[in-house]
Amino acid sequence: MGAAGYPTALGASSTDAITLLGHDLAADVMGKVGFGELAYWLATQRRPTAGQVRVFEAVLAALADHGFTPTAIVTRLTYLSAPDSVQGALAAGLLGGGSRFLGVTEDTGIFLHEVLDAHEGPLPARDEEWDALALATVAERRASGRFVPGLGHHVHKRGDPRTPRLMEIAREEGVLGPHLELFAAIGRVHPDVLGRTLPLNGAGVCGAALADLGLPLRLLRGFALLARTAGLIGQLAEELRHPVANDVFLSVDLNNRPVEPDPYPGGAG
Amino acid sequence: MGAAGYPTALGASSTDAITLLGHDLAADVMGKVGFGELAYWLATQRRPTAGQVRVFEAVLAALADHGFTPTAIVTRLTYLSAPDSVQGALAAGLLGGGSRFLGVTEDTGIFLHEVLDAHEGPLPARDEEWDALALATVAERRASGRFVPGLGHHVHKRGDPRTPRLMEIAREEGVLGPHLELFAAIGRVHPDVLGRTLPLNGAGVCGAALADLGLPLRLLRGFALLARTAGLIGQLAEELRHPVANDVFLSVDLNNRPVEPDPYPGGAG
Amino acid sequence: MGAAGYPTALGASSTDAITLLGHDLAADVMGKVGFGELAYWLATQRRPTAGQVRVFEAVLAALADHGFTPTAIVTRLTYLSAPDSVQGALAAGLLGGGSRFLGVTEDTGIFLHEVLDAHEGPLPARDEEWDALALATVAERRASGRFVPGLGHHVHKRGDPRTPRLMEIAREEGVLGPHLELFAAIGRVHPDVLGRTLPLNGAGVCGAALADLGLPLRLLRGFALLARTAGLIGQLAEELRHPVANDVFLSVDLNNRPVEPDPYPGGAG
Amino acid sequence: MGAAGYPTALGASSTDAITLLGHDLAADVMGKVGFGELAYWLATQRRPTAGQVRVFEAVLAALADHGFTPTAIVTRLTYLSAPDSVQGALAAGLLGGGSRFLGVTEDTGIFLHEVLDAHEGPLPARDEEWDALALATVAERRASGRFVPGLGHHVHKRGDPRTPRLMEIAREEGVLGPHLELFAAIGRVHPDVLGRTLPLNGAGVCGAALADLGLPLRLLRGFALLARTAGLIGQLAEELRHPVANDVFLSVDLNNRPVEPDPYPGGAG
């Protein structure tokens, strides 16, 4: 620590007062600031507009729960094994929020941002201009053998219903910005390059929307995790009343098939 | 798994549709349901009223961030050490949400519920009746040498500003129920038994409010963790722009004082 | 921090030297101290004898891996979902090491210790005396409606092969102390009280042995977790070569059965 | 699951028997297989030689504890905050085992492996040949503006004592293979390219040794985490007897310096 101490604009308290983001917590935050709004505010230290909050909460709703995902199964199994620690069950589930599942949100937001950041001159203003940028972008990804983040879905092959809906909400609120514009354009033009039509997936559109909202790009995954925390509490609540974790465990354990060890190729020894 | 499969009322999807809690996610949830409302709904499978949501979100605001708590320091240090894993930094912070810190919320809610549950006859209707129940409750705790959960605070010795504010909000919304009534009565009568005046703390009143809202008692800690997830994202966002974790680490490491091992008393060997 | 800094007898380093437990790490620890021995030493700051190490490592072997337990499934599923974070997959698995599964080791060690601690006069010296103490202990547990920790196993109903083996090793090494003596006596006498014969389980005998070795009682669960860390790495290594996690996930997800929400009983609102 | 069930060669049990890696756990593993040996065996499904075990355990000793690292501080703070969950405190500490700290071990092992893998023709046999390969390797890294993993240390600037010691042990045991050879050669030749002499660090040499031992490259970080689990238990044991976590927490919290919010650059809204 320097002589100046550890600076923070978040929670602080004295004997008689508690402040959060420079405001009186009891008088000016509790009862006046919704939870989505507060989460946004905490992440940016900038109070969002009502429109920004609506889009942000739509993203959180889109990502909160997707049924029996690995993260949901993990939370239920961990609670089965260690019912003394709700925090452990939730933390275990969140640890599945990595590159493969929740990562799409982050990857898409960062990808779009990098394209926009590298773009020289003013950003496109009309759809045709966005389409041209998108076309060049998809072509370049293809040429370098890389996927376009946010494009494709293993279930919603004919279109992910979250995508047009989130764009609609963003448009209604006047916060449809360049990341969503570019993402939409990618959705229009990619068949010309790839030779087939893929859906713009929900995780991707959420990443684009979060980037448009001006949330920290390196923490986009964090918002997916926040949404999922609410979902995992829902999973635990359901598990308490209609348990399935023990059946899941037994379905694996009772179907184990002992095999001979398969020695890993040896080292120098 | 039985022949009937694994039942769930949470997220489900088919090729063309995604539902959550039995509703069409894109059409009926996104853009229409706030995040606090959704978290409540997921946990109870019962859609809350606007008043319930306001109290619930006030609780989440009260618990979201308390500055440089151990959980906040842990999240920042973990991110310093493993910046590749936002999920790991958040999960590590949440793991501090146990019996000592966030546990007060859960302990208070459960304690109040047990008193109410053990109460024979109709619940009190007037303040004097609540006071009588509270007096007996505090006296019994004292006689058995146990603390009263939610009573006392190491900083806000003259009163925790969150407590009257949350009661006020609950009263405004008509959801001030028996847990808050009993908690308030404990605040009024405990000096008669304990011989000194202690504040009803914010973590405790949150537990009482969550119990009044009908949220699952065994998961009360989970809501504190949900609130804290938003706070920890805020901590990470601030760490990215105004880092302190490395200074914290060095302040400990550079002040280490090597001492001789202190052998633990031996076993039978 | 006080003026005196943060004391530690564990790892320390200067520009030219690294010490661990007061010894030169490179010269006196690496190549000379086995891993089980080191773990014991770190936990007690007391170098164990060869006999103590052998018993300790036998305990770790007994607890390292039990096949497709919830913790193993959790580690595999988390790795499936977040392959970028090996630490997250291992941590998630360890979080299942709570009261229900790995907790038996800790519960048994603490239970035996409390009985011995409460025993007045010198400890028993002969089997008959141990049997008398065990009889009183089991009878008291039964009278108060509580289980005897370490007694019973859902699979090894006719006896857990780890139990006699660990006792044999402890006896060979001369470190069979009062916790194991009492545990063995419980095995002999409990049918007289309970009316049926239950096996002394492996998790329990491990707790008794760890207590006899003089390891910190409040951390007994930690040694089970250390053993399990090795097991979970084995699970991940096998998953890399012969993956099952995606099949486990699909077996749950494809068998989900959407049901109507089941509203939780409401609160005051 | 296919009709064939979930294959595993790890732990399995029936009513009367428990096997691990195809061996009878009680008769053939407990009391006969050390913990380091077992961890190696579990990870490779190939029983190591005594020499391989000695090198492996030397690596684990080198990585077990480095004093008040972020991971150690995190484990202590988490235990302070949630003393009910030893598993949570250990898991939180392990979550710091990411790219920055423990990652060096993995990065070095993988880097060396990739160089060897890309090498055409037979591997070098004499020091001069290794030096030539090392020279080309370091030059190429420099030309592409990348660091050489395992080279450099912020404290042990004149040499990390673990490095020559681990090479010596590997040589004594006849398991000094191509990864260590190449790493040693890098230590000899890099000044010619970089213009200054940097130490081969301990984390790096451990990665080289683990790669030579034939352990799974994608799990090298896991072995550092296994070592660290033992270290973190040591940290918790010391914390129980000589606590510092609360002082660390207060040293941060009491030195917090409230500042005004610093709004993040806005989005499109």
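Per-chain residue numbering starts at 1, and chain names A, B, C and D are given in the order in which the chains are listed.
Keep this in mind: a residue touches a chain if its C-beta (ideal position, glycine included) is under 8 Å from a C-beta of that chain, and two chains touch if they have at least 3 such contacts.
This is a predicted model, so every value here is computed, not measured.
**Student:** Give the chains in contact with both chain B and chain C, ordered by label.
**Tutor:** The common neighbours are A, D.
**Student:** Select the chain at the greatest separation from chain D, using centres from the mean of Cα atoms.
**Tutor:** Ranked by distance of C-alpha centres from chain D, the top chain is B.
**Student:** At what distance in angstrom does the C-alpha mean of chain D lie from that of chain C?
**Tutor:** 24
**Student:** How many Å are there between the centre of chain A and the centre of chain C, using C-alpha atoms for each centre?
**Tutor:** 37
**Student:** Going by the contact rule already set, what residues in chain D reach two or more other chains?
**Tutor:** 1, 6-9, 12, 43-45, 67-68, 82, 84-85, 87-88, 91-92, 95-98, 216, 237, 242, 244, 248, 251-252, 256, 262, 264 - these are the residues of chain D that touch more than one other chain.
**Student:** For the complex, which residues does chain B have touching chain A?
**Tutor:** Within the complex, chain B touches chain A at residues 1-2, 6-18, 20, 24-27, 29-31, 33-36, 38-39, 42-45, 54, 56-58, 60-62, 64-68, 72, 85-88, 90-92, 94-98, 102, 155-162, 164-166, 168-169, 172, 202, 216, 218-219, 221-223, 225-227, 229-231, 233-238, 240, 242, 244, 247-248, 251.
**Student:** Using the touch definition up top, name the residues of chain D that touch chain B in the complex.
**Tutor:** Spelled out, the residues of chain D in touch with chain B are 67-71, 73-74, 77-78, 80-85, 88-89, 91-93, 95-101, 103, 237, 241-242, 244-245, 248-249, 251-253, 256, 262, 264.
**Student:** What part of chain C is in contact with chain B in the complex they form?
**Tutor:** On the chain C side, the touching residues are 1, 4-9, 12, 19, 21-22, 43-46, 48-49, 51-52, 82, 84-85, 87-88, 91, 95, 173-178, 211-216, 251-252, 255-269.
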